[in-house]
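Just below sit the structures, each encoded as structure tokens.
Same chain, two partners: chain A is paired with chain B first, then with chain C.
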Partner chain A sequence: MAVSARARRLIKRRSSARPWGLWLPSALIALGMAVPLVYLLYQASSVAPDVWARLLQTRVPGLIVNTLLLTGLVTIGALGLGLLLAWLVERTDLPARKILRSLFIAPLIVPCYLVAICYAAFFGANGLLEKMLQSFGWEMSVPSIYGLGGAAFVLILATYPYVYVIVRASLERFDSTLLDAARACGASRVRAALRITLPLLVPALSAGGVLAALYSLSDFGVVTTLRQQTFVSVIYQQLTGRYDPSAAAALGALLVLLTLLLLWGQGRIWGRRRFASEKPSGRPAPLVRLGRWKIPALALIVVVLIAGLLLPLGVLSFWLVNSWLIPQTNALLWGTSGNALLNYLLNSFTVSVAAASLAVLLALPLAYASVRYRDRWSQTWAWVSQAGQSLPGVLIALGLLFVVLRFLPGLYATVLLVILAYVVRFFPQALQALGSGLAQVPACLEEGARLLGHRPLSAFARVTLPLLRPALMGSWILVFLSALRELPATLLLRPAGFDTLPVRIWTAASEGFYAQAAPAALGLIGLSIPLLFWLHRGSSAQGSVKSYD
Partner chain B sequence: MRKWLTLRLLIVGGILGILVPLTSGIGSLGMMAQSSGELVIFSGRREPLLTPVLQLFQQQTGVQLTVKFGSTTALAQEILQLQETGRPVPDVFIANDAGTLEFLQRTRGAFQTYTSPQIATMPERFRSSDGSWIGVSGRSRVIIYNKDLVNPEELPTTAFDLIDSKWRGKIAVSNASDTDGFVPWVSALRLTLGDELTKAFLLKLKENQIVILAEQTDIRKAVGRGEFALGLINNYYVYLQRQEPDPAVRNVGILYHDQRPFQLGTLVNSTGAAIVKGAKNLQNAQRFLDLLVSELAQKLFAELNYEYPLLPGVPIQSDVREELPSGELEGLKQLPVSPADLGKELEATQQLLEEVGWF
Partner chain C sequence: MIRLEDVTQAYPSSGREGRVALGPVSLEVFEQEFLAVLGPSGSGKTTLLRVIAGLEMPQTGRVELAGLDVTNVKRTPPEKRGVGMVFQDYALFPHLTVWENVAFGLSGRNGAKRARVEEVLELVGLQGMGDRYPYELSGGEQQRVALARTLAPNPRVVLLDEPFSNLDADLRREMRSEVKAILRKLQSTVILVTHDQEEAFDWGDRMAVLNRGRIEQLGASEEIYTAPATRFVAEFIGRADFLIGRRCSEGIETELGVFSLKSSAGRVSQHETWEILIRPDMVEIEPDPKGGAVIVARRFSGIQKLYCLELPSGQRIHSLQPSTRNLPEGSRVRLKVLLKKAICFPQGS
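Right after this comes the complex of A and B.
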């Protein structure tokens, strides 16, 4: 009796009193994450009207068309490809589905700027492909990889895995009895698919589509390599090529606006049509027999895997082999030794470790507040702190530069600034991973510890934290991986003498020293494979954690 | 205690991850400030072009070098920001365009003056009048062409012929951020022809579907690959392209445009170096500047990078000399402007390019 009275008191206290020790840090962290964005908008608002007028007259119309065309193409392409592949491995009698299921996300191991570099060298005029054709005696010129088509193609390859993963998860949980009911009522196969399957997949498609759209809006490496001008590439040019950052700030603000419009539009289009099956179906849905469609399906899969994975890896390996055969003078000119490479690796490693640890530590209170206390404020803070998610690295660098130069000049051109940029940019990833991990740890366990006399922090550390370990590791690796591959913000913010692997790959490749870029690139890929594997395994193991609940 | 392990690991990782780079960063910058054995250089010149000279300096002096490579404009901005915020600045700034140095000195007073007997031997045209910067190596604007695609007889003799529809979509050029190639040339045109004519010319080029690439390296590679027949470029890129490992892309030719009677002449410009105001390793910086204009370094620039040595008496590289109209830099018909003139026009030219839509 005494215990339950205490429990009631505790629960009451939790719901009424705001836990300031948690709430205040959460608010501060969230606001901190949003500062670069807010200050960027503030800077843009103080841009002189004549600069605005000039920009709107000359650059902006073309840029909006270019950017939207690319984003639209990539979103549609990624949705189509992701949906098709997910359907093939989940719902058809395709052979080797188990292996393919994991293979389809394998293109994620190659950062998209590397894919673009490889494509430019492979498909470009007088490139590897034309050479190969020539060696067979075929003289033909390959259609240009540069411009909208090529950029969209590479970005589709980079983004379809996101759509695929989400849609596949949704198909796995699909309640097939609904389809049976529709068929029993006389609906044709197509009609049933259109009226039942598609609406049920809408949330997944919408989430995947937004990811793909945001990705292509914020891409820097692919559009720069393949000469497609978008907001991001032009902002980067403005930042590195001019003395007055006001045009960059103005264009940055427009890009933010475009991003917000996109998110708002997604809410408008999909928001009202939400269908969800309440419970997963008890029995697996019957597989669709592909019949003679098996051949084209397999052909498509082969093309996707070659284009997304084997081709870039092959080109990189080719360069690596070539670098052993290259004349000595080239290496002398470049002056890159194995020692230097190790140094870049170390640089990449330290900033990524710092960024990952910092991001996870900072995300912990926010995730806890937003999962355990589902009040308006904690939700707001969680939302505010996600500013980095939809912002391209170039804009985060720009915003941080403005803030630092104005308020914290001591940070300018330091490694710490690079780390901060990573934290702001990848904080949402940490928050989301931690949040979903926390949601799976039942609150009653912690409440039990409180009842047994533990203080909040001690209960959290002794009960929740050990259970949270997989989520902690998962979110740490997620941020670490993203930081390891980050390019545009690093290019803009790194101090003298501090090059990371991606920066090195980028500068070497833009000089055309592919032989020097290849070892660094393969090193970067090699480093990410085990981590990505771990993440993938972790995400499929999460189901077992859930069953604990 | 094991329960705390994860959190402690995280905290330790976070602290270490921040402290290590921070202390090493501060340490290296701090040491630069004290020890006389160091020199910090920002270089807008590409790494492979500068590395031989850096190695030479290191061999001669044993000084520890820290170099940041990047675009000249981005590094210039960084130096200005560092100066404004009172942070340690680099000692030497090497720009791929002396005009940028003149511009920075004029508008912000970013550099300190230095003269020495060695520097005094350089021609006056390639030195700043107040001693704030020195020219390091010379280059001229040329047309690069792909010999597989164009016969030498078909070539235009002046850049103004490039508006001919015969070249529609076949010319590559660099954008308004290319401060060591295209931008100074446009400045020179503005100074000789005036804004209106220059603007009209640029618009005609755009009408002729000229393709604007980000950098001159892109131009030489694209022309070498046969993507474009012609490119507007600095002279040494032609020779760099001929050094490509792949023989199929080496077949490029060089054309010094506007060399005939009644034609304007081409632009001869120079790279430059300056000692940054607030430099901590002043002595090393001065030694480095002296080295840059020494016979040895001038020869390296001439031989390895195919640029024109500016120090009188140092010979032009033999391949370059062979294709120069009279075998001498003086024999080249030149637009009558100096790097200092170009620096004054930098911002106005970029503005004009933006109005024309040169991106």
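Right after this comes the complex of A and C.
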């Protein structure tokens, strides 16, 4: 029913009775999160035309081709591998499916820059593989790991778990009666799979594909280590090597544009169709017998697990043992001097704890406003504040650097700036985790508390907050973990002498001191494992709030 | 006790125009009255309760509780109204025990609190269940906890938002009479919202029929069934057929004869074509090979049979007969409408 003009005016006036105590902070936080990106774009718009012309004529065409090639290869590879593995564990009679189900996401515990470092050291010139072959007396040339092929390979290993997780969840929820219906309509098994299962997986595949694409667009560690030039690596070079901030701003703006195009494209795929079947899945779908395909399937799985997990871990362990065998390195690492491992660990911990706490604290009002008041403004703020999402860490650092140098030079090269960069970069993660947690706490619980005589804040504190605890923990750990492993922004923004674990690994490895990098790397992995495990468990136990229904 | 005057409530939507959920509605509920509000889904029933509870601020109009103007939600927020509400899915706090849930709305000394919680738990028949968590209870028990929690602070007004819809049919009837008895004993003023006719008939002193945000009729259940004020009410409550007729001097002429009128003749004169409400329990049938109507279908429902009859014009009406009576499909019948005064509506209204 339409509303008369008079009623609409009244609606406007009366609904201005908003809780300003919630509204104002939300707006400020959201705008704050968007500042670095906006300022970066502003900087790019004020780049001199001749700089643009030079860039567009020389670097840009090659960069676009390189970046898109890598992104395309990684996306296709991750989609194929993720889909295949998800199908194998969910729909076939593959042995040991239960164990494999979790093993397939295990590569997430090794940050991709570590994988790249291990690969470079293993397959590279004068690397471990060559030495091993030589010790057997074989003279063979090892295929080069550097360049497009190697970078794509490592990035596929790093991104397929995202596709795998999303597709597997979608297959698990799949309503198998749809397949029965297709068969009853006379479709063959293959036709049913192609016409029903695959289309219904489109949302999962497109979400996973976009994740993989964004990941490779924003990757810094892999492309730098394996010497594949992309936007990110070139921007980093502009900032560190030649220090050309205007070129960096221009290239950064182009990268933003590329990212936006990608996100816009994802929105197009969906169209008007609906993919979710409203019904909960009833009977599980029958398993496909692999028969003689079992051997190749298992072989593929072994290769994936070796390449993604065992090889990097093996190389790191080898170095670790080496580091114990070399007295100087040993003393350097485990001694009490400023270079000691413990020091990096402490640095990493401090900034990550601060960033996680700040991000969760800031995300709370915004998440509340956007979930509980589904109006245009709160949605806009939630959207604005996610500006940092899906943008490379290098760009966040770049934008923040511009802002700080222009307005707050006192912040330049401080630990606080590093923390701020983490908060801006990982804020969307905190917001999404809190938002989905809040959405599971029905609003009527709070309303019930109000009707029982509690004021808004008391109702929130006594009902919503306790129920939100798992989501608060989850989003804190998510940000903490991401911050703990963050590399490019830290490299660009940290004060001299303030090294975190990833920075230490990176600098040691880039100077060839692998033995020094290994303990830090294994420490980082060791720290990640319990946290990742917690997050994984938490996500499968979601919805426990309403389980009494 | 509760008085609404020209209240409208529209939810802000992303489009340019808000959607009116309620109103304009005027309504008065008396002290200790039991009012049932019946309407299809989306008719604004829940919104009506939320406005009274102070969970929504009406855009226009005035809301009064016990003579006090409580329209402004900022000035009298929900926690200051003394209104209790039982939500459709109970909204029990999952992290609190039954005892803590019931005590949630109580303030003051621990001793008094404890005594009150025990008292209310006993009232709803849940003594000794205080240590359980909501998920450990059956649907009926959850319902009792929700009621106990609402009643604990002694609200002046109790609002029930489809409280029985999550229970299965047998339990629903049982809980309804139990809840009714408890609330009668406490002499509460109660509004029950439901989309179930039986529930509405059985509940209230009066009932209100809500459609598209407006009250179509307010009155005793029987009156609403026998004398519906609008065509929507006639169709929504009970089973209804509408016989088309034309205005004539004595009343309205149809293929089943001329009906005299209940409503004022002045209104009648303005329209040409009319629809007369025929309920299946008004239609008497006699087997007659020369009769004008044919039985085209019949539906057996235990005690009764519903016959579908086709008139010569092709129009169909229904007749309700005891199951002991058995007339075959396809047979001809003569029918008689037991109607003193016709309820009629202008066609197209």
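Methods note: the second predicted complex is superposed on the first by the 502 of 549 C-alpha atoms of A that agree within 3 Å, B and C clash if a C-alpha of one lies under 4 Å from a C-alpha of the other, contacts with A are read in each partner's own complex, and residues count from 1 in each chain.
To be clear about the criterion, a contact is a pair of C-beta atoms (placed from the backbone, for glycine too) under 8 Å apart; a residue touches a chain by one contact, two chains touch by 3 or more.
Here the structure is a predicted model, which means the values were calculated and not measured.
In the superposed pair of complexes, A:76 makes contact with neither chain B nor chain C. Contacts of A:412 after superposition on the shared chain: chain B is touched, whereas chain C is not. In the superposition on chain A, no contact is made by A:288 with either chain B or chain C.
In the superposition on chain A, contact of A:511 is made with chain B only, not with chain C. Of the two partner chains placed by the overlay, neither chain B nor chain C lies in contact with A:41. Contact comparison for chain A: of chain B and chain C, B touches the greater number of residues. Judged by the touch definition given at the top, the superposed model places A:124 against chain B, while chain C stays out of reach. Shared-chain residue A:234: touches chain B; no touch with chain C. In the superposition on chain A, contact of A:472 is made with chain B only, not with chain C. Of the two partner chains placed around the shared chain by superposition, chain B is the only one that A:498 touches, whereas chain C remains out of contact.
The intersection of chain A residues touching chain B with those touching chain C, taken from the two complexes, comprises 462, 466. Listed in rising order, the residues of chain B touching chain A in the complex are 3-4, 6-7, 10-11, 13-14, 16-18, 20-22, 24-25, 28, 40, 42, 46-48, 51-52, 55, 66-71, 73-74, 76-78, 80-82, 84-87, 90, 175-177, 179, 213-215, 217, 221-222, 224-227, 244-246, 248-249, 304, 347, 350, 354-355, 357, 359. Across the interface of their complex, chain A is touched by residues 8, 10, 12, 14, 17-20, 53-55, 57, 59-60, 73-74, 77-81, 83-85, 87, 89, 91-95, 104-105, 107, 133-137, 142, 149-150, 152-153, 212-213 of chain C. Only residues 1-3, 7-8, 10-11, 14-15, 17, 375-376, 442, 444-445, 447-456, 459, 462-463, 466-467, 545-549 of chain A touch chain C when the two sit together in their complex. Taken together, the chain A residues at the contact with chain B in this complex read 54, 58-59, 124-127, 131, 144, 224, 227, 229, 234, 237, 239-243, 326-327, 330, 332-335, 347, 350-351, 353-358, 360-361, 405, 409-410, 412-416, 419, 461-462, 465-466, 468-469, 472, 476, 492, 495-498, 507, 510-513.
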